[in-house]
């Protein structure tokens, strides 16, 4: 088990000493996924509210799209975004391929259906009768919507957490559209893959520990929300 | 009499081609409680939604104090409040819940606290303001839901099966409390229920619904005293009305010939009139057929034959017949044994003239 | 008398230090239905689980036909069958469900089909074999659950609140059907319920549970006729027993002095004995105080004062008192109005000597 | 949009003509993930049954492990397996790194918690009272367990489908422990990434279409199971 002890010691030293390349990688990861999840939130929560609370033509179709989008393999998203941004592609003149904005786009496409679908589930878990109850006490449509979002708040936090979790661990799409350029588009997952393939386990383990820490926070959020959702079961 | 608080006129509502509500006319009289009674699926809740301006009818209109109102009339909507079968409470404290409608009405915060605590006291939960709304028992939660509605002092209060989810003990305690709260506040109330005992406990008036239509309505005693048709009778657990013709009227007591049996009733009818009449099973006493009936205030007594005996809770329901006259009597276990009642046994029935309900036909 | 089908001896069961069941002795007599009646949380279901060999008591034992049995005795377990509050059906057809226990008992396939269809006919669902079990209404599903149990012709049938989830109409129809099915099959049955009307409809014997203990047991008429203590009386919606002393016995009728009021009862007691007595509210007639009571078979009549009037469903419960004698009467709406009853009004109470239940104390 | 039309035509031609490299990649994918999910089934369903139906000390702990395992980033699994199998690692002498067995091990580690957790959820969705009902009709412990698995069968199918879905789309771990060796350890996801980075969009699109087809089947299974699970709600 010497290999683990050595790598662990190396990795810890790097994190503590503030070795610039490791911390740069973490910063890029958080920056790219943070912007992507923020955009997913702005677009996904309103979409989720509409999907979860209204009945309209095309709603079923949109739910199918959101659910399919959640199951979409990230490498497929990466492929399509790469083709769109490639020199010969329709947006080639923007010269975005192998840049952080390209990664944000790919991650947004991956996170958006997750945020929308989980928000929709959270909103539709607010009983229809609770909304009717608000109406019957005099709430306007707007006040009713506000009450619904307030009741679903834990679920909306879960939606954002799930969206973040889906992109921070992802490796295929970011490689394809980001290119894994050191200091520019290299993120935690792509770096872990690269360090591992080079046999450089120290920095790989250090980054893995940081990544797992982030994922753990997300999971704790999701679990606490699940148990509070059961409250409506009564 | 005062004009109606709510009038429903020619209201029709259907879902997927099936008629859910088809009500020609229904009135809620101010300050009184109207029970909307019917089996599940009879359109009670849909009618409540329409009256409460939560849903629009396909055709027809709802009048509040004589003026036509729709779900778009914010002022009209703000003059109503509802509580449902399950006490859907919002996350937060009990005070947050009770204050919800007040906040929507922009009542100053300084008054909100006083109104909330007064209203909680009225429903029997004084000082419960700061408890969480999600940790209450069913009965407590339903009290909070009622407080949340009555704190608004609505012109019309809508209650949709508010006791149906509670266990029987809690149900009866709460039914009585609701009754006294509604009576004190004299709020006009629409009370939807499928349970006739509940309706009898809380209501002044009753309307019976069947397949979207109101088949009978009026003061509780009238509607329960004389079911208008076989279906209503069956639903109320009674025998359908007996048909007869008035042959004499003396001192306000009418003598009515029912297929050869003379029945006496206190009623404003004229000789020659065709009438329907009914007696509640609780008011009918049975004796052995050969017993000499002593002098009593009961004007009606005749011999008949037992045709049906059914256990019904703590008592028995005994149906007796003579010709086309068919009457049910509610009898205790002890009496059933003492009288040795069985199908085919002759008995003597006794009931007062005041116990007979009469309607012209 | 036959030996008991089931005997429970000294059974104790606690959860997290709280006693759930503490029953000294309880017997199920063969071929009869025993209702285990009590409020929720009184340990009824736990006792059913212990009797049904689904759970082991901490101490004490269960005897089946005189022999000690435990959850390990497969033969004993196979001689029992149960249905619960919700009709937990397995995925598949109704026939699959009803056949489940037969298959476990390795009944030949050729006989299974015949038994299943016979049993479905008994519960009123003839020919329903091939329907899916997951598309039934509550009442239908509960009939299937009963068929699934009775098809096994168990020595002991266990029913745990089988009607509690149904709506009132379905509940009463099914209660009567259950009663006649159980009576025909003469299976020994333990019937757990919190509803006394349900117990009265189906049971021969009744045991009342409170906080894990059996506080009263015996034939239905005995237990319901005379509640042994204040709690039981309150639970049954009755007044607690009246205390008195026998002063004379003539022609089988005992004259009992109750704090100055003489009450007459048909009972095997001796002069000088201290007794408790009770009357069911249905058996008590009320008259205006100054009315001359005509000759009648009712031996008991005395003047008293109304102290309480409570609406209770379709009727009213009127409590009258004289000295320490406190009796309730069930009165119809019409009578309440005719007699102008109100708290403080003097009335004359009348009931038969046969309606009085007596127990030595 | 010419780039898409060209790539689509190329990709379709490759699939139809049975171009060996593309079909070899698909075969390797199915083979590796198939074996991995089969092993996950054999180990995960019994674990799920025990977790979902019994109350025992340590159960809560095991559920936490299974749920954490589900959220574990695959690159972290890849890193740990790579270190274990590396020449300097404790199992280095087996010389498994950059082979199909290594990929099966990594995918098993990823799929097992998914299969176990979803099976546990399916088994615990069978009402306790249904098991009591079986007991009370005379079922032995073994017959009761059999009934429970039979009632949960749709959920168990879902568990296997979810496990398969979690590994067939994965790219990081298989790169790290498989090495993306042509004809040997190259699978659909790694090939898509590689073709895309080389600008060779035809085969990438062909493989993406096959991958999406598989994922779609899995999603349909999961959805149909969800709606049948709601049956117990009555």
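As written, the chain order gives the labels A, B, C and D, with residue 1 at the start of each chain.
The working rule: a residue touches a chain if its C-beta (ideal position, glycine included) is under 8 Å from a C-beta of that chain, and two chains touch if they have at least 3 such contacts.
Everything numeric in this text was worked out from a predicted model, so none of it was measured.
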Far-end chain from chain B, centres as C-alpha averages: D
Chain pair with the most C-beta contacts: A-D
Chain B and chain D, separation of their C-alpha mean positions in angstrom: 60
Where chain C and chain D are represented by their mean Cα positions, the distance between them in whole Å: 56
Chain centre separation in whole Å, for chain C relative to chain B (CA means): 29
Shared interface positions of chain D, touching two or more other chains: none
Overall pattern in which the protein chains touch one another (line/ring/star/complete/other): ring
Interchain contacts (touch definition) - all pairs: A-B, A-D, B-C, C-D
Chain A residues touching chain D - in the complex, by the definition given at the top: 1-4, 7, 67-68, 71-76, 78-79, 82-83, 86, 88-90, 165, 168-169, 171-172, 175-176, 179, 189, 192-193, 196-197, 199, 201, 204-205, 208, 211-212, 215-216, 218-219, 223
Footprint of chain B on chain C - complex, ascending: 39-40, 167-169, 172, 176, 179, 194-197, 200-201, 221, 224, 280, 282-283, 294-296, 310-315, 330, 332-335, 337-338, 352, 354-355
Touching residues on chain A, where the partner in the complex is chain B: 127, 129-130, 132-140, 143, 147, 150-151, 231, 234
Of all residues in chain B, those that touch chain A in their complex: 52, 54, 74, 77-78, 80-82, 84, 86, 88, 90-91, 100-101, 104-105, 134, 148-149, 152, 158
